[in-house]
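Pasting the structures in now, so scroll down.
You will see chain A twice below: alongside chain B first, and alongside chain C after that.
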Partner chain A sequence: MNEDIINQIAQESGEKTDVIEEKQVTTWLVFAIGQKKYAVRSSDVLEIIRDVAVYRLPFMPGYIEGVLNRRGDPFTVINPRALIGEEDTRPPEEPLFLILKRDDDQLSLHISDILFFTDIEEGDLNIIPGNNDEGFFLGTLVYSGDEIPALNTNAFELLIRKDLGSA
Partner chain B sequence: MRKLIISSVLPPAIVALFACFSFYLVNMSIVRKNVDTTVDAAIYKLKGDIQGILQPTIDKMSNWQAIVKEIHDEAALSRIVRDDEKTLFHVMKGISSDLSEDTMFYYATLISRFKRGGFFINSVGWVPDPDWEPSSRGWFKDAVANKGQFTYTEPYVDDRTGKLCATFSQSIDDNRGRVIGVAAMDVMLDELSQVVLDTKVSERSNVYILLSDGRYLTNPDSSKIMSENYFTGKRASDLKMAGYKMEDFFDGEEKSFVYKDSFYAVSRIGSSPWFVMVDGVISDFSAVFIHKLIIILCILLVLGGGSAVVNVWILGSMRKKERGLAGRLLSETQNLAVASKENAATSQDQNVAVKEVVATMEDNTTLSENISEKIKGVSGIAAKTSGDVAEGVAFLSENVRQLHEIATANKTTIEGIKALGEKIENIWDIVTLINNVADQAKIIAFNAELEASSAGEAGRSFHIVATEIRRLADGIIDGTKEIKERITEIQQSSDSLILTSESGTEKIQEGVENAKNLEERFSSIKNASEVTANSAGDITTIIQQQAVASEQILITLKQIASGVENFTVATEHISKASQNLKSIATDLSGSDDSSQLEE
Partner chain C sequence: MEAHNHFTCIAYDTVDFLIQSKYVLFGIYLDVKKDVRNIIFNRETLPHIHIGNLLEGEFGCKSLEECNVVLVMKKKDFEKDVQKLIEEFTDTAFPASGNLAISVNSSVSSKIIDTKTLRLIPSSIRERQHECGVCAIGFSAKKQILISPDNLLKKFFSVGLIKKGGI
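Here is the complex of A and B:
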């Protein structure tokens, strides 16, 4: 019975894939920091972890909370609030982290909640005109009438490299 | 003045006449008494004189009796008589030596003088006829028949002396009491007549000796002796009118009485059949008194006239003073009349006022009775209230007990709710654990989706499964969230319920306290209602007593009202009397003076 359901879902997905292939759909992961929603490409996210300890590091910029231990690998914990212009710059209280998928760096964002995945066509992404790679926002996407800012994960890596001089 | 003289003279004259009449009556009474006394004294003296005449006869009889008893032996007596008859004669002669010559003393034996042992002797030597037998004589028979007593014969004319005489005889007994003879004595009645004639009670009085049949034994007119009777003619009718018949008159008792203007007295002489009779006229005694009475009357009249003159003089002077006093009396009488009128008006006002007071008191009595009835009603209500309050106190006690039970039940409920809250806390922990698991599952599902996305086309199916798992986790999270909300609501409700219950407990406790306070208040009310009931009873008693007192006051006021009315009437009478007194004073003072006074 489950197989029947899976096949049905697969058929429906296949039909959609056919459409996506035609329209260049991108999956976005929508999450919350405080009361605000943000989105990142799901391809930029390696894993979501929670309930791990953040170890504070001395002499770090304010947006770096510390490091966390992901099954033996250390990841830098970035407080996005300190970077994206929020009035309240304090890190979220919930111990929830997005492990970013980077080729040569290990970064994580401290978020409040993980909400859902959504597939957005490329044309539906409202890109900010004149935005470069150092900007924290790529643009905005619309979901159920809400306009959700889309974060640029590369900007965080570039800022750390710039601030820590490890480029 | 003429009236004054008449009023002065007439009363003393009337008094004098009345005094004389009274004096006359008193004197007549004294005279009658004096007549009785005098007649009694005269009869007593006459009887003494007659007894003095007859006493020697009695003494002779006694001496002879003694002598005969000394020689009681009949044989001896016969011998004495035979031997010396003259000796016995001399003895008898000696005994009767002091007698008059006409008086003869004699003795006859019971045995005939013609038989042996029988004899007859006498003191005067009288020789009887040869055939004369003593035992055939009346004096002899009477003496033998009345043994030991004196007997009397009727008066007769003595053959020997030719004088009127009577024979006294007595039987002679021996020492054994047997009659042996009879001694007798002839007494001449002229001696008695002389004694009677010598006796005088008053100037016109008569003294007689009468036989028991009324015949005269003595009389100044000797022709009437033994021939006429005292009870004849006017005297007999007067004595009958006085209530005496002849047999009553000579019944032996002494009598003295006055009839009309005569007096009468009779008395028996000893045991004889003879009676002393005295009669006469009262005027012999009263003449002196009447003479004195006339003198006294004259003296009284003279004194009365003198006193009348003095009275006239005194009354004249008194009249002058009287006129002055009458004037003053008239003035005072006018004042008295005015005062009486004012008094009458005042008493009438008082009468009206007292009647108003009586009416008010009657209303007051009615009000008191109404109050008494109301108080009785209040007393009944108070008693009922007391009972209701006692019942209320019992209800309150029951209410307090039930409130205690409610408080205990509420406390138990609170503890149960708290225990339920603790259990809900445990559920909360479980739900939290489930939520954590769901979160973990959700994260795992997200990661699975990420992995499926990164796997590309190969991870499409896995991506689908991960998505469903994520949705399932979201559903669980939503469910746990809802459970948490419900639990929170339950906890809030529980807390609210606990707070409400605790508040209810406090309220119940306050209710208990209030009920206790209410019970105390009700107890106070109960006591107060009992006191009220008792007080109402006392008030009822007091009101009843007050009603009785009011009735007493009312009765007294009615009596006062009656008294005031009487006083009003009396005042009117006084007013009229003062008017009369005024007219009297006017009359007393004379017309001229009265006109001046009236002016």
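Here is the complex of A and C:
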């Protein structure tokens, strides 16, 4: 009973989904590290935290500044400048951090400033050919004539696990 | 279960280092030189290692007051290879009691701390931090780091921070 109409509804839902997927829009958070602009998918960011101290931990790679306190939970602080090919590799002076949304880790990126959010169609991201999950850049997105590098947040956790031999 | 809430707390300016009290037999204010390799305690000669300046250097903290506190611990709580390293470094055999002395240059107290306030280190750096003797972290009024002295010493030995001819 009702199989025909259920199938029909399912089919219609599927068609609608297809249409949505074709025009999938992603919200990007554009921020600054030093004077340069970068972007991450807003869905990769859990929270933006300002004015918290970074506590140093011993025997860590140079790009790990330490941990910060997010409401009692420790989050590893990464200095992205040390990884993304900037000349000045010192951590940003501003105490501003992107708390990344991770399934099984607690990571944050030390940044300089939050600039704006923007919606961009997925197809408008200029993907770097041959890029893999370990690359720090997904590609670039163009906004008001600026070509903004889009960061791959997975790469930071992958690098740490690789460098520290953690599973 | 309750024993896990009793900690020996080594207080520095920005961090309290916590050691489970069950691993510390005595904590005594003793005026011993940092570079002394053994001390007399309870009519026994104990191997002695000063780690205060290493804690300051590696964790970026400073002593709160000029004092020297000796923590007497049992060798059985240290791995065999660490026991051997301690004997070699101090040129001192463990006495019949199996005790050894570790000293720090800051004040020590006994504290009861709710373990619920402590958190595991973020997963991607957890394993490395455990190897370095850092087991958990807490952010109460002050940062607290639960340390495992055997792993901490092992790391200090392995990277050459504790070596003959200079600590």
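Please note the rule applied: the second predicted complex is superposed on the first by the 145 of 167 C-alpha atoms of A that agree within 3 Å, B and C clash if a C-alpha of one lies under 4 Å from a C-alpha of the other, contacts with A are read in each partner's own complex, and residues count from 1 in each chain.
In the analysis below, a residue touches a chain if its C-beta (ideal position, glycine included) is under 8 Å from a C-beta of that chain, and two chains touch if they have at least 3 such contacts.
In this text the structure is predicted, and so the values were computed from the model without any measurement.
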Touched partner set for A:Met60, first chain B, second chain C, both or neither: second
Chain B versus chain C as contact partner of A:Val142, first or second or both or neither: neither
Touching partner for A:Ile114 - first (chain B), second (chain C), both, neither: first
Which of chain B and chain C A:Leu46 touches, first, second, both or neither: first
If touched residues of chain A are counted for chain B and for chain C, the larger one: C
Touching partner for A:Ile127 - first (chain B), second (chain C), both, neither: neither
Overlapping contact positions on chain A, where the chain C interface meets the chain B interface: none
Chain A contact footprint on chain C (complex, rising order): 14-15, 58-60, 117, 119, 121-129, 132, 134, 137-139, 143, 155, 159
Residue numbers on chain B that touch chain A, as the complex places them: 439-440, 442-443, 446-447, 449-450, 453-454, 460-461, 464-465, 467
Complex contacts: residues of chain A adjacent to chain C: 55-60, 64, 67, 69, 72-76, 104-107, 157, 160-161, 164-167
Chain B partner contacts - residues on chain A that touch it in the complex: 6, 9-10, 13, 17, 27, 29, 42-43, 45-50, 96, 101, 114, 117
